[in-house]
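Have a look at these structures, which come just after this line.
The same chain A turns up in both complexes below, where it pairs with chain B and then with chain C.
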Partner chain A sequence: MKKALRIIAAAMLILSSALISGCYDIVELDTISIVTGLGIDKADENGKVQLTVQVGKADAVGGGGQEGGEASEKAYQNLDSVDRNIVGALDKLLQDNSRTLFLHHNQVVIFGESHAKEGISDDIDALMRDLHSHLNVFVLISETNTSEIFNVEMELEKIPSVGITRMMRNKTEISEAFRVKMLELISKLSDDPCTAVLPIIKQVKEQDTTRLSIQGLAVIKDGKMVGKLTEDQAKGYAWALGKIKSGYLPVNTDKGTVELSIKPPSREMKVSFDKEGIPKIKIGIKARFIIGQIIGFDGLQLEEIIEMIQKESVNAVKDIIISCFKETQRLNADIFRFGCYLNKHHNKKWKKIKDKWDQIYPNLELELTVETQIIDTGKTSKSPKMVGGRLA
Partner chain B sequence: MFRYIYNKLKYSGFLKTMSNAGEQELIESKDDIELKTITGSLQSDLELIREVMGTSPDIKIHEFRYGENCEFKGAIIFVDGLVSNEIITDSILKPLKLYRNFNNYQQDSIQQTLDTVKQTIICAGEVTEKHTIGEVVESCLSGDTVFISDGFDKALVISTKGWEKRSINEPQTESVVRGPREGFTENFRTNTALLRRRIKSPKLRLDHLTIGEKTVTNVCVAYIEGVADPGIVETVKARLKSINTDSIIDSGYIEQFIEDHPFSIFPTIGYSEKPDVIAGRILEGRVAIISDGSPFVLTVPMLFVESFQSAEDYYIRPFFASLIRVLRYVAFFLTVTAPAIFIALTTFHQELIPTTLLFTISAAREGTPFPAFLEAFILVMSFEILREAGVRLPRPVGQAISIVGALIMGEAAVAAGLVGAPMVITIALTAVAGFVVPEQMDSAAIMRIILLLLASILGALGIALGLLGILNHIASIKSFGIPYCTSLTFHHNMQDSYIRMPLWSMSKRPKGIASKDITRTNMEIPPSPIYANIPDNK
Partner chain C sequence: MTIENSRISAGQFMFSIACFLHSSSLLTSFFVIITRNESWMPFVASIIICIPLIVSYVLLSKSYPGMNLIQINEAVFGRVAGKIVSALYVWFFFTLTSLNIRDLGTFVNKTTMVKTPISIIIILFLLLCVWSSYYGLEVVTRYSIVFLIISCVILFISIIAVYDLIELDNFLPMFDMPLNNYVQVSHIASTIPFGETVIFLMVTPYVDNAPKNLMRYFLGGFLLGSILILIVILRDISVLGNTIQYFSLPSFEVFRLGTLFQTISHMEIMFSILLIVLLYFKISVLFYVTMLAIAQLLNIRSYRPILLPCAALVVVYAFTAFKDVITHTKTAQETTPFFWTLFEILLPVLTLIVSFVKKKAKNKNNRKAVSK
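Let's look at the complex of A and B:
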């Protein structure tokens, strides 16, 4: 019977250990604060980094059924800390906080422009190594200090950083080229011509309110931000990669303007080399459009209009691609990753020109062929302005 | 795991002392009186019987005279309430007392008088001769009437069983929307009759034996000869015969005495209250065990998939039946794992919860005083308490309990901030899903608590370990020689496990259970519609 008692005692010990303590890495939900956004800026102090952490307040965000959480109460809290680097800053925040920062649910990482111009590689290294941050977060560049961005209240979203991710998802609807997640950024920054683009988020001040807008792309080269692309140039970038999915392309002709709804194009790329081994890039794009709106074109038949805009749209597409390409040549940043393509497909030739790529790229020749096709006229083949099959 | 605990217990001497104590109590030598034979002297015989049976008022001894000139002295002994009074008056007393033609026969011997009484006078269905006091008393106590007479060294046992019995009702545990509604009763004969009525084949065997020193319970092993595996039938009989106990009150006693794995939380013997279910299982080649006094009939061997099969599955068309069956598996999985998964997610793997959901859950957790595990444990336990209370209490009070349970436990506890609403929802889902698979309800409750403990210690790893252990265990156990997991894995016939195939496609009885007569249906697959009297069915 003694042994039996001993076994019962052991069982009770095991039970009570489970009941009383729990495991070493147990995390109760009321001991964490859920981080939804990280902002990294240059601090006023020289050589230091300012870290802004946006934390969602569970009471105000969730618990719809519960009382409390008044409408006026903010659903988020921004914590700032300045330290030598982001690891130090995070550590500081941890010590000054009643709860553990829970980074698993981080949604966005935003770099301030001034900080990005000095280089973001070191910060990315820290974020990459941290066990608790995942790599599926959006990375953006902000024109202003990130704490300002995180303080812009959104009408429909309770937490700005969650709102920003939703904005990013909408942006992805236009082109996946605009969506950069941490994992992609890391892989691009570790490639040979080390270039990447990041979407730019800015505040747009209107009469009383401020709202956020994601416009244009920041060009990152060798871990530093070297320049910006406008929204149109950004679209050119998406076109050149063949990654544009939707959106509208305005086509202007002498007779009028047409808004063309973009359908995913097909794109192919070829490279030829001259005697000196200098490559020449050929990009062929087959674009498909649906007519979105017709303005003008009085007295013309639909077939004539379609023929006209099919020609004109070729130039329109070419224009925005070339404008983007020229800008990148000016910045000497190979964001189209031609270098990577050469490395992959023409490895031997690439090795010869690799070191000279910075000299080659600004003068790189790009042969662009664009074919366009109007595949549909939308829901109607007529127009309210039509008289006898012609536009009045 | 269970074997480990078993061994531990065995070595600790815990079991030994227990079983020894049991044996000493059980083994009791038969009274010498019971072995005595009928002497032939009425007075001394009655004396002996009175001595054995005591002086309970329900034991009636009726002495009378009969014969042409009332020259014979006789007595009938019966237990009031167990016998049908009509049979006794109309078939025994009236004919005996009014019969005057003894002289028509040659009264050479006492034996011939006895034969006359037995063959000519008494008009009951079954009359047998018994020799010892013990046999007489036993027959008496099982509802028969015993006739003894001066000069006879034998007793006549006349079948007069006729006690008050419950009528055949719809069983409360296994109600169906479509299908037969009758259920077994506590009456042994009614139950066997119900079975006979469903299977009219003469091959249906009902092998009878009695178990229990004091209860002397009639037990019957029912199977179809040629369909049931003779090995299993013999095993069942051998195990039944090996039961050495004083009482069998319910078939549940038998289940616990003959099951393969008494230390497993999983039942390895099936049961049902419905004759159609039992008939169906017997026709699949299973062996049924009917026990007197219990409306629950046992069937062996039991497979794990059997818990997920309901009688109604076969009465409705296969499509919906299959959908429901898949849902039963899902519900079973939910009821076993839902609280554990919830605990693992909210205390170890918050990164797996979508952000908005995490905010909602953590808002509910905000301000609740107990750790998540304790919260879940309290709720699971209080649900079990509520369920138990609801079952045991008389129906009008039961309603009050459910209102108190629902309002106070759910609403007030959440409103007071003692428990979070998501936790209550999880436990409620668990509770509701548990009722979908009634046969595994008790094993599910135990597994749920084990997994909950493991999840609170090791998170998802704990759940995985727990599930592996459970899987390992059910893969290792057998029911009467048939692996418990038969039909659950892909190399067995699965026509009736995860989905229910159309009846015409289940042309063979399940492999492993049935022995020789394997074919069930012998028709074209799928059966083409036959048109009679329609000359041209275009």
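Let's look at the complex of A and C:
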């Protein structure tokens, strides 16, 4: 009798755990729309924010079964809403929608340039506070309205925002400096000096199509966008931080041009202080290259070519770093985070100059030493044009 | 008359302490807000400070072998004063249980089950604790080692998952804050997770070969548990850096950021597993100890009849203890450490001193008696 009771009780428990679990927090796939991208712009109305939410359609992405008829159907939908701030705009979208917005799998947050110039800190607070938002999303700045960016169709990707994420992944394979995720942005914006960079995404119009391109970096200071770095300057930024991972560096000499394939460099930084406590930054970079292509150099031996380009490549690297550094000095935005480095490694001296940093930075002295080394010539040691070790 | 008849092995005792402490790694937000990326330093300091404290617990238990805290109180302070001190302790245990179960409710509510009413989570959870307490100490502590292994595995996986995000620079600058902050954090850390081990004085008599091995196992469990929390704190700081001050659950954010091979991400479910497993253990130990203490105080033969009524009280207390999370954090930072100091440091040390003096006096009397 007792045994039978026990079995019944156990059976009831197992059944109840299967039947009555998750009543409250049940999330069914057909009641949510999965947000894949968020765009935040300045609205036309004064002081208001325009929020663009890109929502993926699960059935259109996965629907490989029926071909033909559905081919023209978009796999995404963009929802717009204008309100006092992004929380308000999200709320508005929620009320006018048949499905709940599911922010959990959001991939990318894009700020419109005009909005970023007025400040993004308050939006970040909302994005950080929301339970479902993820700190692992890429953050970008778009030159045009974000709803246009989200509408640019990609040949190979069904959902633009997912495509943008993949583009970002490729970009960061080349230069780590482009990898700015929400966590890093928050961390940088809560540091002192409060500066960060965000990649810029833009539309490139070609004959009858538009495509997206990620080029250059936006400079953020005190939560506001203050300027831009060109793609070359962005590379200089990555070089200065030692965060460049691959890509090519063209080196021009009188005799010809060499394309050098970049290998991850090593970088070290030292600081010295003068009598008044003004720092002087020393950056040493050891770059390593593999020859990617040799153009020209008629009648020269490989050793000679290497000697020439070694010298020239030092200047090439220096040039792009200095060009970037000068631009940040002009903007007075310490994106290299020298101030942060000083705070961490020379805490006491930093405290003395902290308040004057905005005056110090535009005149900061940077001593750059670059060493380059050509470690390999690629798969071939001689080019087909070479005869007996000489380029014919 | 003994209320508890089952006995546990010394190893079980050690792992129980470790597991009990490790569950507090979820509560690091109390102090990371204050010292941010330097929290590990005052934490290490408080580990060192607490070693003598643990030694004094063990000495106390050793000088009264076979007695639990309530019995010791009576033996040291006499019948009336002892009862008063014991009643205070019962209140302390009771409050700890309620606070922890409320924490569990809030965390589950915050992280996984947003819409589920907190009362359902708490009541179901407490029923489980009642059930395990019903079968006594052995059942309550039996799974400590399993839970500890589960949580260590999860800890290990999480470190691998966030390995890419670890930046050692995040620990700098050091000693950047006023001394007060470090002192405050050391105080919080030594009272909120570490000092709570005072509850194990209730179960020391039921440990096999208690007086002999106690020192080794108590300290061992303490060090194991505290080092595990330290690893958690180091991981959180190295990943989150200066942003650690913003989050009410830093570990949760770390788990969220973790990715394994680009395919496995959103690992917060692991955090929930950890949360539920560890807090289940902590709460059931606390609940069991509270029941044991009440039964001992009131001289009841068994604590079983009072399990359910007390569980109901715990639930009510959990809801009324504080009105919202903000107050809770505020109290945990500013008031609780001082309250807990009384129970975790002052009273045990006082008890130890009084018992020491009493023994001395007794020896003197004995000697006098012999010499006469």
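Convention: the second predicted complex is superposed on the first by the 364 of 392 C-alpha atoms of A that agree within 3 Å, B and C clash if a C-alpha of one lies under 4 Å from a C-alpha of the other, contacts with A are read in each partner's own complex, and residues count from 1 in each chain.
Please note the rule applied: contacts are C-beta pairs under 8 Å (C-beta built on N, C-alpha and C of every residue); 3 or more make two chains touch, one makes a residue touch a chain.
Because the structure is a prediction, the values reported are computed rather than measured.
Once the two complexes are overlaid on the shared chain, A:Ser187 sits against chain C while remaining clear of chain B.
In the superposed model, A:Asn347 lies in contact with chain C only, and not with chain B. When both complexes are overlaid on chain A, the residue A:Gly339 reaches neither chain B nor chain C. Of the two partners chain B and chain C, more chain A residues are in touch with B. In the superposed pair of complexes, A:Pro265 makes contact with neither chain B nor chain C.
In the superposition on chain A, A:Ile7 makes contact with chain B only, while chain C stays out of contact range.
Contact with both chain B and chain C is seen for A:His104 once the two complexes are overlaid on the shared chain.
By the touch criterion stated above, A:His134 is placed in contact with chain B and with chain C alike.
By the document's definition of touching, neither partner reaches A:Gly223: not chain B, not chain C. Of the two partner chains, chain B is the only one that A:Leu29 touches; chain C does not reach it. Contacts of chain A with chain B, set against its contacts with chain C after fitting on chain A, overlap at residues 23, 25, 104, 134. Those residues of chain A lying in contact with chain C across their complex are 23-25, 104, 128, 131, 134-136, 183, 186-187, 190-191, 343-345, 347. Here chain A touches chain B in the complex through residues 1, 3-4, 7, 15, 18-19, 22-23, 25-30, 32, 34, 36, 56, 58-59, 61-66, 102, 104-105, 107, 134, 162, going by the rule given at the top.
Listing the residues of chain C that touch chain A in their complex gives 110, 112-117, 120, 165, 169, 172-176, 240-243, 246, 253, 256-257, 259, 265-266.
Listed in rising order, the residues of chain B touching chain A in the complex are 8-9, 11-14, 17, 346-348, 350-351, 355-356, 358-368, 371-374, 377, 421, 453, 456-459.
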